[in-house]
């Protein structure tokens, strides 16, 4: 029931918004839809928390600790983003950067995107998971090119092609998976249900699965934005409208990583080796290093934070690859706190670039003086994202690092170099932007305060206190991913 | 080796041939035709497999293929090409022989890759999996070597064909839900790239993707 | 009210202060009064708790219901933390009083709200660092402390130097924190093998026996991290940038006590958590201490900016403290508990002393800055006439830091020397030969410190005003004065009654090392300090003070029985004419001889330009830290080089990207299938 | 509570006060004799001090309280030092007040304040003097500590009366370490007390003076106190040397009857020291200020050689 509301609302509101178009109350409908979705997500979470994993809809849906917390996260961040985009988009309209048609398009596509992501999370069918991922890509491609500037179109095209190619690889992997599964489970839909697969994973044919994993890795890895498959990500993030950048790096990457991890579990079960883990660690470490060094030379603010997203996805991937209770726990937590922090950073960044009507960091100055919320929001957000206590990112990085020293001491130096460089690079850029006196060209605006404050408070709380149910969730999730 | 298997392998060979053709064909119409042919072979082979294996949902998917890949998509592309008035232009490519060699190498490589699976499989179609993988790879190679947006899309769709073929040859087709979903996605994709062609054309007044290189780090 | 309650109360008080700050944002003056008096009170409670903990030899620990799921925040109050709590609390109490007067100057110019907010957070961070009893909460408080101080440094953020300093500071601090994190990680791993979170508590680390290699790694990492915070050369680079630009009350706290948390960390990790260690660890600490002490003071002498000078001298004092710790470690590893107790006591005592006199000196510098709006000593001079109080108090600071009896600086230096003089009883002949050379380096440092502070005081307060036009300079108000007076008094008391203090801190070496010196130190009663035995060496602060005063008074009286007038006359100066202010020795010229002798340690650019009207000569001197060129620039260059190379990846052509993924697939298929 | 240690204490301080100027007088006398001049007599320095006490003070306009406070402090500190060093007897109540290190620190106080006073009136000479003085001191102190190190190695103590007792009671052996230490100590004493070749107390030639440059502006009783303290400083350094290297003859605890002998011993020793000092001063010329580091460097070298030879040879 909850499931239907959860998926239905976003789909319905997508349709409604397509019809409503650019009325005055369109943003409110957008917010309302995602708010209801969020509530449904909460309901679902409580349900799962109370009575354990749910299998519903003729085994079509499967909800366990792992994906339910991502579901809640997704619906929550999409809600806050909707709230943010209300003021942001209004201003974009007033400054004539986009017209009526595109607003309509934006809203309905936004909801469709959420629907796709929720579907990807909740479905039990690995094939449907793939379809949903593809749908998520397609629904955002045209949002990335919303501004119709040459660079925007270029970015969108690259996004489209690269992710399309990647996802095609993932499909091939899925086919191979099915090929292996059908030997054990027989033909038909049963053979692609994750619940069944995970039970028989040890019987699946290892050679096939290790082959399949390569394709799945490349496919979903492209969407996670792992180096060297990451090239679409900075472009898409920097050119799209900021709310989309927020959900892209806050949510889409998470979902892709989720898909990847699900597959890894199967492969590990089948091969019984840790090879998949090693591959993921390699990709993760490479992403951390490349991203953190690329951070040093960024001029465009959104691009910079896109790279930081790559870095953090790298960290999470690395941790999942590392395995073991603490690392996995850290990785799950990292997905959570990163998406909260990064999306709130993007909110502030969006406003900052609106205030100076540019995304060039060299021309953004004196934010704290100009608009304290934006300035402090950005400052604290960056402090959080680089892993300063008492924010949540520190907690996860603390766990991951300490686990790394234990299990892969030789990799720690590289990991650390990455973290240190990223820290220096981000601060080098952000400090002058927030501090100092405001330039004359700076315009004032009504910022969307609620999302930023909400996210930062959550991240802060997660940094110093983790509620019992959450930790229990993570522990069960860790059990699942063993 | 029974008849069905023979037919199937012939079709596989044809598909591979078309894939190579796509790789080296300069004229845009030629590409379109080759693509349509490939789709046709694909749907036929699907039907054949469905018949021999008695997997009846494969008929549906073969029909689907026929509609989508042989009729609809080529038609859309045709219309687009006309609208964009690029049916005349001939694409310059980096030298063909090397591309061919790489392509052949890829075929061998994918054969080597799929050999363990062939041992495992009991299906009549098992030998064709290598071809499927090769088609995918060739599609990717095509996207790399071509500079025109339309040809890139065709390469992308060729990859999809390869995947589809893999699905039918390795396993008797994916579950129907998945088939339908994939088809739907491809349809949406088709619309999207349709829109894109116009955007690109209007902003860059040509469909050469080489022009799209403003977003970069190096300076 | 138990010790722990009073400490917790002080933290809670700070929290509630934070809570009420929003009420006063409109009324800035009131805000200052309220917050700083509250912080003062809370630091008093911290001091009480600390004092009482040490004297009562308490070992309490509590567990708060927050933190990581299976790792709630552990807090522990033992003599070590109690001692540092006292040090921190004492200075922060004095500084809070001082701040009321100092910060009021900003009212009207800029909003001080976020300054007071971060001031509270900063104090809270320092208190909780010494309290926390597991790796997680330690790191959190550690970084909160760093972040808060960063924002305080950035208070006047429109000045580029502040931004540069803040950035440098935060980067170094964070890198250090990562190293500390690693070392904790290693120890936790050895403790539990990562079955769960329980390994992160300090108790678990205490109870585990570490393998030699891992222990060494953990120690080196921790030492690196804490050294970065303490400003050990060559990681000192941020310190002379950050401390001068911060508001003076903050720089007093940073130099006076924040650096000490690093000392706390080193002691905690080596003596408490790891426990037993080979002698070369001590040697490492000792050597770095020596280098830091000597280089620090040499850099200090070269400075013209008074707060920069003080910052560098903090580096030197950290070095002296580390020397004591290093000796203690060496003695411990050779099973000589008594001697190592002596060395450790010396180190701890110097920690306390440095907190006091460096706090005093920074407050004095702040007063000067407050009155003259000037940090460059070349423009100062003659302030003793305009601001007698500040001058006198600053002089007390100078005397203490130059290790002159009967003030406190001397006692700890003297104890350090005693520890050195006892080193020949070590079993290893090589050390016997080498350590005395270390002692002479310490002597050199002490003497140079004296020179340095003769310069600091002489150039700033004595002679004539060197600036072109002398501003209207006024003595500072009573808040600032009383803050400084209290600190000065504590300097004197700590110098005159060492035996009592040593009796008080005696429990630390007893618990950490297993022996104590108070028994021998007090054998002659409280009047004489006899560290090991009275025939070995002895010193009595009170007698020095009394006799000197007595003789002084006697001489004065005797010479004034006959009334003899004092004629004021213009300068004689060997009969030179028209002596102008510009002829005075200034900071640069004062340090010239030493610059000539030790010049090879610096990169000095010296040039004389003929120019201006009438062929006037201009002298330019630039003394730079060699470590910039040696250590920091290369790192920056390398990383930018790498960044440029990596930037090539994102080269814009979509075909290239497709090739990447193509190659990735191939590679994976070939190697990882 | 034994009373006569206090009497000895007073007596010794008195002796220091009186004999210090006379010792200077003796040195000057010797100098004159060697240079074939007629001397002003043994008591001339004493007379000078008395004369200065009766003169009025002429004070520079902007001299602060530091300038006036310094002479008294310097004097007081030096007197205290005089009370600590065992010159006649080891049985001094004050002797436990400070060991050698603390003693040096006492002299450091005096130096510190004289340097400040030199900067107070704000003349070029004053600053120059203070700067050079601090430089020399900072180089002298490590060498001094090294020498003390060697001595304390031998006698397991840094408190002077303890050193005296151990050395007098132990049977006499020739120690190379001690020899080196003595050499070092002599050089340091020359530097610390501002004698030729490091500084020339007689000169007022601007660029060569160090100590004189600092006290240039002093007059009347202030000057008297500072001069007196300076003389005592030389006297005391000499007696430190005597106590730590040639302590024989200094009266032991509970032995009043050794006192007369002790006085005679002391007189003899000081006469000899005077001769040595004068010979040195006549033999050498004042050296450039930047040769002083080499001078003190050699002092340091001797001291460390002493310590090393203790470990190697003894």
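Which chain is which? They are A, B, C and D, in the order written, and residues in each are numbered from 1.
In this text, a contact is a pair of C-beta atoms (placed from the backbone, for glycine too) under 8 Å apart; a residue touches a chain by one contact, two chains touch by 3 or more.
These numbers come from a predicted model, not from an experiment.
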Seminar exercise, completed: Two candidates, A-C and A-B; the one with more touching C-beta pairs is A-C
Seminar exercise, completed: When centres are defined as mean Cα positions, the distance from subunit A to subunit D in whole Å is 79
For this session: List the centre-to-centre spacing of subunit B and subunit D in whole Å, with centres computed as mean CA coordinates.
Result: 101
Seminar exercise, completed: Chain-centre distance (mean CA atoms) for subunit A and subunit C, in whole Å, is 44
Seminar exercise, completed: Taking each chain's centre as the mean of its CA atoms, subunit A sits from subunit B at a distance in Å of 31
For this session: Check each residue of subunit D and list the ones that touch at least two other chains.
Result: none
Problem set entry | Set of subunit C residues in contact with two or more other chains | 644, 646-647, 649-650, 654, 658, 661, 669, 673
Problem set entry | Contacts with two or more other chains, residues of subunit B listed in rising order | 113, 140, 143, 209, 212-215, 217
For this session: Please give all chain pairs that are in touch with each other.
Result: A-B, A-C, B-C, C-D
Seminar exercise, completed: In the complex, subunit C touches subunit B at residues 644, 646-655, 658-659, 661-662, 666, 669, 673
Seminar exercise, completed: Per the touch rule above, subunit A residues touching subunit C in the complex are 157-158, 161-162, 165-166, 169, 207, 210-211, 214-215, 217-218, 222, 227-229, 231-232, 234, 275, 278-279, 290, 293-294, 296-297, 324-326, 383, 386, 388-390, 394-395, 398-399, 401-407, 412, 416, 419-421, 423-424, 427-428, 431-432, 435-437, 463-466, 468, 470-471, 474-475
Problem set entry | Residues of subunit A defined as touching subunit B within the complex | 125, 127-128, 130-131, 134-135, 138, 141-142, 145, 148-151, 153-158, 160-161, 164-165, 168-169, 171-172, 174-176, 178-179, 182-183, 187-189, 191-192, 205, 207-208, 211, 234-235, 238-239, 294, 297
Exercise. For the complex, which residues does subunit C have touching subunit D?
Worked result: 381-382, 384-385, 388, 391, 395, 399, 402-405, 410, 414, 417-418, 421, 424, 429, 432-433, 436-437, 439-441, 443-444, 446-448, 450-451, 454-455, 457-459, 462-464, 524, 528, 534-540, 543-544, 547-552, 555-556, 559, 564-574, 576, 579, 581, 583-586, 589-594, 596-597
Exercise. How about subunit B: which of its residues touch subunit C in the complex?
Worked result: 109, 113, 140-141, 143-145, 147, 209-210, 212-219
